[in-house]
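Look for chain A in each of the two complexes below; its partner is chain B in the first and chain C in the second.
Our next item is the complex of A and B:
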């Protein structure tokens, strides 16, 4: 018998789980359109790799992972890609994100499965890459890519989270009752990959059927299935670790550093499906409950629109909205046409009868009830005060980021203050500040590098100038000494004259080379090579060569002009016959474009000036 | 004798402490003005020059020397002024600059109209525009600070600013709006 520990705080809210647990996991009719989001996981959104018009089958890869902190996305049903673009998301913001919209054909064709049945003999890196390519992410709500969580080594305990403590949600309950075998297989795979010494499943004792099913499935394995007392939020990772192992994860420490890692039962199920069946994550169990005619759990293809699901279970006429997640931690969806994502564990149709509007808030009286209820052992009333006053540094110092937003403080507050809303606000402000700070640091570094570069270029230029002027000065001095001061020591004179001679020779050589080049181009190269120019008389020798070069250049220009005219007048056949370089044909066109652009700019400027003068 | 001993002891102690202090003054010498660094860390580093100084650091230096007031930075916004007021221990001042503060935006080059003149490349304070002479230019969106310094030099007006829309990862929860509780009618009368 395992010793269980208790965590601080916690509450016992009404469970409301019964209505949706009575019937087995259902399969609902397939929606005609599926909006499959590319941002279904923590990290970078996947990059879509299909185009509108593509035919896909169930399991076809439609989004490649972008980087390590990302996961793949697959087509949840066979059909045709209708569009790839921003579509509203199942997210409290109601923002749009890159989404692949599928039109389903109802034929349920399935892409060839690619299981990794020999995973035990593969390297851990291979298995992790395989999981990323199968889109396996944490289905408890965090949607953190599982392959990164499996990085852990030599774990003491692998904790399997079957607590499902939040009211209304029963998807893990039904999953454990009906598919316990697969969960156990997934847990054993994860346990092997992380080298866990023991695997412990924690299930709240309000789910006796799930407990029995899991215990039956785990018989004969090294897994231990433990019933834990029902208390919200025992399903929080840190809380469950505390209950099962007695370890408290301190602020700023990862659980793996303490030898524990926690996986949700849904995650392990999809992991086992991927490894053993080659089935990528294309659907999940969703609890559909609240103000509906037939509350149930259904295996829903990802991307199924929320309003389609709500219609399928008969959302009541007086329902005024839909919550994604539970009543404690979930949030109201602003757009019901959005498709469900891997994080959607529960959809609750709200109605004024089920969720009466909260009483108006009163001022905080610092009664401390929230601190007694807080499972993270924080001081919610202080955090509330700091968040309200925008003292984010203080909120941070009071360990705001240990808050799991469980909502226990909200529900015990006698003044009915929406505390978690303040914490969420403060957290997102701090994240935004952090992002801005990082951007500012990068900009500062780039600006400083630019200034340094400009400085360096300036210095180089100045150095070159100084060298040039020094050389000029030296030459001038030498000339001055050789002409005005004949009584100078004779040693410098030969040097000067030698230098002069050298310069002259170099100039002559350059002229000869130029002339030769011109002759080569104009086609009289044999003559030029036959007549090597005497270096002593460069000027006279250059004249005919230069003349020839100029003539050749003029001829070339004329030819170019003629050709351009021809090209423009449409006699392209002849133009292509002329083996002229393409640059010549492009020049007038580009010139015209530039002129047009400048004219446009001038016109625009004139217009704005007119507007301003008006 | 006792007096002499005491005097000698005190003198020795004074000498040792003096040596320690002197060594510390050399060893832990602070290069430059740390205040400028601190102010510069609070500025948004857009290098836009909208404060009237040729960049964020010159403005930080002006602030450190008391040559300017804290309310000149449009991209920093009210939050930035508040932080500067906290750091410099002065009163908060409402924004008073020449340019009206705008929403964060990124420059975007209309690539069909760009003639490849490189003038914007030279104007960008953070080298966030790539291109070469007679080649199309483009803005590296992740490095653009939205300073708008590339707009005036463009001879064909092919650069415009695009407001940054929030994404799922940059979206922020709003400040909770809590409805006020009206006082009961009876109490109000009394």
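Our next item is the complex of A and C:
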């Protein structure tokens, strides 16, 4: 028997899981239009490789991974590409992203599968590249590309996350009940790739059927299936690792540094499907529940519009919205025409009966219930106070960024304060501050370089003038000497200096031309903005004028790109184009826009709450 | 619409407050049995003053009345004051104490959740500093006075014939202190009818009633036992060695626990979440410091009881205590803080 560890805090919210677990995973009618987003994963959106009018089959590659931190996107059904362009996303910000819209033909033609059955004899790099090309990403909600999580070596424990602790969500439960074999195969592949000494599956003990199915499937393998006590948020990666291994992964430390990696059961299922069947990730299990006539789990092609799914399960007339994700960490979708993505594990139709409006917030009485519930072992009441007083440095010192936004504090607060909204607001304010600081630093560097260039040009000009006049004088002198003394050969030095001045002038002109050319060129090249700016100090041997010109061009390009992203997303000009602290290589402008939008929403909410509480 | 929707919450601020009020019922029962209906008169005076003061201040501050009046916090302050003030004190004494507690003690700081000092202790301390003689007239328990006589005494200060001691005798702590200063010995002093088995006559029963309410609150998970036990530890850490060394100069630890405001302070004052620390270690520390200082003021200071001053002094240290005792976050090494 495995020793289990407890984690601090946690809550026991009403589960509401039963309605959607009674029926097997269903297949719903195919939607006529699928909006397949290119940004279904952490990192750079995929680059679409189809054009309107192209015919595609299920599994046809429609988006290539853009860089390492990215994953491929495939057509979820056969049909015709209608458009490639920005479409509203299934995201709380309601922003648009590059999306391939398909018109399905209902014939369900399938592209030839490309399994990697001999994966065991391939190099790890090959297997990882294969997984990236099959679009395998974490399906627990983080949608982090799986191939990057698999580059760990000699792991002590591979933790498989079947906890599914959030209320309402049952997609992993049903998946484990019905497709346990594939999950086990996926776990064994991942275990081999990471050299894991042991593979442990943690499943909350409120899912006896899933536990039994997984135990049966794991019999005879080296995988261990463990029932863990039901407590939210045991399905948080850090919490589950703690429960199963006793290790606490601090904020900012990778779990692999402590010999652990964690994968969701859905991810391992799609990994096994990709490797063994050659099936790219084109669908996922989605829990459709809440205020609907037929709550169920369905295997849904990616890109299926949310309202189509809601219609299929009979969303009730009094429903006032749809949540994506669970009631604890999920968010309300502003646009229901958006297509589902690889992160969509659950859609809940809300109604005033199921989710009554929160009661009026009362002042914080520092009862400390939130600290008792916090699985990150923070002091939520202090963080709330700092966020509200905009003491962001203090909030940071009190480890605001350790907060996993699980919402446990919110749900125990006797004053009904929307604490997580305050934390999100504080986080985005801190990010915005950092971006502004970086922008200011860059502007200062640019300014200093400009001054240096002007100085340099002045010096050059003065030198040129001096040389020119010296040359003219020398020539005049030479002429004078030759006329006065024809026997004497012309002085070599003055002639030389004149020549040198001419050559130098020509070189300067060429340099200027070159700089100009570089300027116009880099002005249109989109890569320019993606490059990090060169160091500010003009110490290199490179012509400073040229360098300044290139830099200016790059800055312009970045600004243009940011502007484009902003107009696209309808965000005011305040967000800058500079990358946030380099967590991901995601387009910084876009990220800034999303963050700004989310921050505004959080701030709005906080402001109304504050007003009410006064 | 909130970002994070939620299942409905079951615990509300008002429920917490009313549970604490409920926990005070046994204490009021014993108090009434000991001192008569005068206690209820004091309670009514405090409640009316508290609600009126709270309403007036909310109006002045432009805040909605219903949520704040309904949260029960003003009622709780009033109830605590009614237990802390002399049961037969003159009517304006408790009215002034309550006014002081609610107006500067709570509302001027921004209302519930924003006051750094325990409001009831603010009111009590203001009175003991301003009106020491009125605050010292405690009366003796189980007195033969009728309800009518008590009410007349509270409002009009007309004493019934003969029984002046029953109205204005000092508290046991006060009497002991004076006696000791006069060169008396503890064993002879506590033989007077003012004293019972452990503390003041009957006060051990009041103490046990408070204890019962406090333990019920603990079972209800409204309070933790850290601060109460810390307070008792702090008190005993001084009382026990001194009593062991010089039993004739210092009263027994049992006397100190069961007399005065010790148990009320332990379970209902230092457990106030608003003005106490939130970290577990901080709660122990806060309780311990209050207990120790209470003893020091009682025994060596100028006042018969020191709980109110000890609480107020360490209330202001709470932010510091919280900062120094902040537990490490998930996975962080102990003591390692960025």
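Keep in mind that, in the parts below, the second predicted complex is superposed on the first by the 432 of 614 C-alpha atoms of A that agree within 3 Å, B and C clash if a C-alpha of one lies under 4 Å from a C-alpha of the other, contacts with A are read in each partner's own complex, and residues count from 1 in each chain.
By our rule, a contact is a pair of C-beta atoms (placed from the backbone, for glycine too) under 8 Å apart; a residue touches a chain by one contact, two chains touch by 3 or more.
Since we're looking at a predicted model, the values are computed, not measured.
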item: Chain B versus chain C as contact partner of A:601, first or second or both or neither; value: both
item: Touching partner for A:52 - first (chain B), second (chain C), both, neither; value: neither
item: Partner chain(s) touched by A:106 [first = chain B, second = chain C, both, neither]; value: neither
item: Touching partner for A:85 - first (chain B), second (chain C), both, neither; value: neither
item: Dominant contact partner of chain A by residue count, chain C or chain B; value: C
item: Contacts of A:360 with chain B and chain C, given as first, second, both or neither; value: both
item: Partner chain(s) touched by A:352 [first = chain B, second = chain C, both, neither]; value: neither
item: Chain B versus chain C as contact partner of A:410, first or second or both or neither; value: second
item: Which superposed partner A:421 touches (first chain B, second chain C, both, neither); value: both
item: Chain A residues contacted in one complex by chain B, in the other by chain C; value: 92, 360, 362, 418, 421, 424, 601, 605
item: Complex interface listing, chain C residues touching chain A; value: 1-9, 11-13, 15-16, 63, 67, 71, 73, 111-114, 273-274, 276, 278-279, 322, 326-332, 337-338
item: Contact footprint of chain A on chain B as seen in their complex; value: 40, 43-47, 55-56, 113, 115, 125-128, 143, 145, 155-158, 166-168, 170-176, 178-181
item: Touching residues on chain A, where the partner in the complex is chain C; value: 7-8, 13-14, 92, 167, 238, 242, 248-251, 253, 321, 323, 327-332, 350, 355-356, 358-360, 362-369, 371, 375-379, 381-382, 397-399, 402, 405, 407, 410-416, 418, 420-421, 424, 601-602, 605, 614
item: Parts of chain A lying in touch with chain B, wherever the complex brings them together; value: 39, 89, 91-93, 95, 97, 360-362, 417-418, 421-422, 424-425, 427-429, 431-432, 435-436, 439-444, 446-447, 449-450, 593-594, 597-598, 600-601, 604-605
